[in-house]
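The following pair of complexes shares a single chain, chain A, combined with chain B in the former and chain C in the latter.
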Partner chain A sequence: MDRILSNIRTLQTPVLLIVLLAIVSGLASLTGSDAMATTIAEMMIRVVVVVGLYVFIGNSGIISFGHISFMCIGAYAAAWMTAAPTFKQIMLGGLPAWLQTEQYPFLVAMAFAAVLPAIVGLALGGAITRLGGIACSIATFAFLMITNSVYANWDSVTAGVSSIIGIPTLVGPWVAWVFAGVAILAAWFYQISRHGLMLRATRDDPVAAQASGINLVKARLGAFVLSAALVGLGGGLYAQFLGILTVDPFYLGLTFITLAMLVVGGMSSLTGAVIGVIGVTIIVELLRMFERGSMGPITLPPGSQELGLGILMALILVLRPTGLSGGRELKLFGRSRPAAPAAPEAAQAAPAE
Partner chain B sequence: MIGFIQNLIDALSLGGLYALTALGIGLLFGILRLINLAHGDLISVAAYALIVPSVDVTARMFIGDFNILFLLPSIALIVILLALATDLMAFRPLRKATTPTLMIASFAVSYIIQNGILMIYGSRPKAINLWGAANQQIQVGDLRVPLLQVITVVVTIALMVGLSLFLSKTRYGVQMRAAAEDFRMAQYLGVKGNFVIGIAFAISGILAAAVGLLYVTQSGSLSHTMGVPLALFAFVAVVVGGMGSLPGAVVGGFAIGFVVTMLQAYLPPDLRVFRDAFAFAIVILVLLFRPQGLIPARNVIERV
Partner chain C sequence: MQAPPARHAPPLDRPGASDDAELGVENLTVRFQGLAAIDDVSLKMQRHEIFGLIGPNGAGKTTLVNCLTGFQKPTEGRVMMAGRDITGWAPTEFRRHGIARTFQAGRLFPEMSVLENAEVTGVGLGQSRRTAQAEAKELLDWIGLGDKLDVPASALAYTDQRRLGIARAMMLSPAFVLLDEPAAGMSDSECEDLMEIVQAIPKAFICGVLLIEHNMRVVMGICDRIHVLDGGKTLAEDVPEAIQRHEAVMAAYLGMEA
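Showing the complex of A and B:
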């Protein structure tokens, strides 16, 4: 009995978050509009990406500006596996034969979309997690630019600035919801595992953690690879949601929106990552409606959506640096949560020097 | 040989731009522990301030048509005011925040400025001709050097000498160095924190304005993300040089300029589009062997 209770206590947060997403999706589908279904599918994909981002940023405390590169790599990986062979033979002559002539099933493509970014993440992370936190952030920024310029110029495998077409569009709101659930569970089990706890210890006090025998580089690298895989999976879903792929979306704009989601929700809890995606999606959609003038007398000029999001993020940082979630996890019962650490208020409030 | 010397002059002038940008970033990092991702956007604003604000495709000169004696101070003033405004609205309320929080805040500021430019000037890149005469070449023996590169190198040296004189000889310069060494101690000894930080923002604004004008003269076009690559190379320069060290920022800037120019000159033509990827790969290799940078600062390791 005690064991069941403790299992419920351990698993309540991810289950509640998955149920919350299902409720949002269910309510939205009541409207029955196609535009709403598209918005929800995109939101679920962003849950996968932001939860992936959270696995590294939230647990290690190091900001990454480069994870959208993994999304790009994952999206192209899925496109290489599933686009029509006739298109690939004409436009993507640089691909190996096993990709060029075959068309693989959806789940195989998703697995590839997670594995390829994880391999790249292992190679990159092995180098940059050795740097200090800030230098590491800058290196991820450089990685974003490298991936962008390589994928935009490597014509024989990415079709360069023209697009890859004919990717089967299999991802709708509920398929994306299933993957969002997978990402949430993966992030949760990592977070309460020994490795996750060690990484969180290095985030809250690197010196004390290292003095207790934690290998800083190894702890960061593990989270980096897992988060690269999850973000890559989000990219693969995105490719099979759009059906057409270019390099352009995987750059500063998407980097900003996903980071804003994480900051608005609260960087240091999984609940924050999920709530941030829901909250920012709602705000962006509202601002878009105002821009289109479909909200009555007030019409905002184009561009207010981006400006509004930027100002919202700055306000959250100033007024509530721990985000909407306050760094806490969503739970119904059991105040103390033995498996996961308390909100890092101390780390947030520590002076800069 | 002539070819190599010409590449070297290219490297010097490109490295000069990176070094000036890196100085502006390094100055704020030393005092505030702020990596100002919005610095590149100050450079864009310096360039956009030259033209009449409108979404038209063709750019009409506004401040850009002024006499140079009015042009330089007005552009510098605009950028300084913007830099001070970002401090006042975004960074001052976050004085006690952690470095990652500050970095995200500056990313938000950068996003706001970029989209502000988009709203006012439109999204299409614009052609602009500032000081066209500076693009002519001067002949020295077999060597042909664009006048603009000479100007860039001279301006870089002048600003660096000016900054180092300011930091070593004037009262506020000394206060600024004290604040970079130990901010809290400097405050106890009577240094006015916000005032010194304001001066640092103003100087980084002047440096951004200089880089913006030199860069737009050379490139002849405006786009709302034009400052981003410059700033990114400068961030990397700051890391390579050694975070928190101003000489390091300058050395890092010139080193990156050298690497990029030489890759551009000597890579096989079909690999040239991947120049930046090679440059960053070299940087990561350097950092694996010297994680503290080429000229490490003394006070970066936190005391516990």
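Showing the complex of A and C:
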């Protein structure tokens, strides 16, 4: 009995978050419009991506500007597996034969969309997690630019500036919801594992973490690889949601909006990552409606969406730095411990004192 | 104060495992931009003693502790444990081999709970969360934080923060623990309470204690031997009674206190 109770207590947060997403999705689908279904599917995919971001950024405290590269790598990985062989043979002559001539099932493509970015993440992470802090963040930004220019110019495997077409569109709101659930559970189990605990210690104080026997690079690398895999999975879903793929979406715009989601929700809890996606999606949709003039007398000029989001993010950073979630996890029973404000000494720089 | 937990089973492959193992430095020099913070210092501490390290502000005490725990690479000289040259090891290696420390600035993990703060050392040293939690609870009970397990470390009163720092360092029974001004900023009675804990460490854990402390009455009361630094150089090393009679020490340090 105790055992069951403690399991429920342990699992309540991810389960509640998954249920919350189902409720939002269910309510939205009551409108019955296609546009709404598209919005919901896209929101679920962003949950996968932002939860993936959270695994690294939230637990390590290091901002990454490069994770959308993993989304790009995952999207192309899925496209390579599932696009029509006739198209691949004509347009993607640089692909190995096993990709060019075959069309793989959806789940195999999703697995590839997670594994390939994870491998890239392992190689990259091995180098940059040694840097730590701001240097690591800048290196991730360089990675974003490199990936973007490689994928935009490597014509024989990415079709360069033209697009890959004929990707089966198998991802709708509920399929994406299932994957959002998988991402949430993966992030949760990582967070409560010994590896998650060690990484949070390095976030709070990297110097003291070493005095506790924690290897900074190893702790960060594990989260980096898992996070690359989840964001890549989000990319794979996105490819099979759109049905047509170019490199354009995987750059600054998406980097900004996903980070905004994490900041608005609160980047030090999984709950923050999820409600950040929901909150920002709702606000962006409302602003879009105003832009289109479908909200009655008030019509906002184009660009209000980006502006509104920028203002919202600034307001959150100033008024509630821990985000909408305040660093707490969603819980029905048991304590919900607030994330305490960082003590001044944690802000001190490196030399051990 | 509760009885200290009677558990002492360090892994045998630890160089500090034998009870008479020594930790020390030989001809240690540390220079920062040419300025010597430590200048040709040698010392050696044993596993059954409380070894006091005193000296005025800026004498190099923290720098020496940083060298003894891998956080500072010596410019010259060697760090030795149980006859083995361990200069150049990473801080995590020092900890894995049973050399633990606290920080002058506390450096707790502010967003983590009291329990997690102690637990994470066990986890960092390879324990499962469950095992580490059990050991952490035992230690926290002993040190008087057993009723605050779920409080975020940053919400603790100052004296409790210092206690937590010590509990975190004592996980998995280190062979040596280096305490950098654990009682700084405490009132006399708070300081005495804390020193009762410090005093119990060598017997309860078979663990040598290096204690940096400015309160002379405390230092003279509980240390077995005292090493005095001034301007990075060794001024004296002796038993408390002799240090109290040492003229250069009195002039350089104790006179200042009075």
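Convention: the second predicted complex is superposed on the first by the 335 of 353 C-alpha atoms of A that agree within 3 Å, B and C clash if a C-alpha of one lies under 4 Å from a C-alpha of the other, contacts with A are read in each partner's own complex, and residues count from 1 in each chain.
Following the convention adopted for this analysis, contacts are C-beta pairs under 8 Å (C-beta built on N, C-alpha and C of every residue); 3 or more make two chains touch, one makes a residue touch a chain.
Bear in mind that the values here come from a model prediction, so they are computed numbers and not experimental data.
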Inset, instruction - Kindly classify A:Arg200 by the partners it touches after superposition: chain B alone (first), chain C alone (second), both, or neither? - result: second
Inset, instruction - Kindly classify A:Phe141 by the partners it touches after superposition: chain B alone (first), chain C alone (second), both, or neither? - result: first
Inset, instruction - Could you say whether A:Ser268 touches chain B, chain C, both of them, or neither, answering first, second, both or neither? - result: second
Legend entry - Partner chain in contact with A:Gly303 - chain B first, chain C second, else both or neither: first
Inset, instruction - Considering only touches as defined above, state whether A:Leu53 meets chain B (first), chain C (second), both or neither. - result: neither
Inset, instruction - Classify the contacts of A:Gly132 with the two partner chains as first (chain B alone), second (chain C alone), both, or neither. - result: first
Inset, instruction - For A:Val171, decide between first (touching chain B), second (touching chain C), both and neither. - result: neither
Inset, instruction - Considering only the touch criterion stated at the top, classify A:Leu92 as touching first (chain B), second (chain C), both, or neither. - result: neither
Legend entry - chain A: partner with more touched residues, chain B or chain C: B
Inset, instruction - Applying the touch criterion given at the start, work out whether A:Ala209 contacts chain B, chain C, both or neither, answering first, second, both or neither. - result: second
Inset, instruction - Pick out the shared contact residues on chain A: the ones touching chain B in one complex and chain C in the other. - result: 207, 348, 351-353
Legend entry - Touching residues (chain side chain C, partner chain A) in the complex: 62, 66, 69, 71-72, 90-92, 95-96, 100-101, 103-113, 116, 119-121, 123-126, 128-129, 132, 150, 152-155, 168-169, 171
Inset, instruction - Spell out the residues on chain B that touch chain A in their complex, using ranges where they run on. - result: 32-33, 35, 89-90, 93-105, 107-109, 111-112, 114-116, 118-119, 182-184, 225, 228-229, 232, 235-236, 238-239, 243, 273-274, 276-277, 280-281, 283-284, 287-288, 291, 300, 302, 304
Legend entry - Partner chain C, residues of chain A touching it in the complex: 193-194, 197-198, 200-201, 203-205, 207-215, 268, 327, 335, 337-343, 345-346, 348, 351-353
Inset, instruction - Could you pull out which chain A residues touch chain B in their complex? - result: 61-63, 65, 127-128, 130-135, 137-139, 141-143, 145-146, 149-150, 153, 207, 252, 256, 259-260, 263, 301-303, 306-307, 309-311, 313-314, 317-318, 321, 347-353
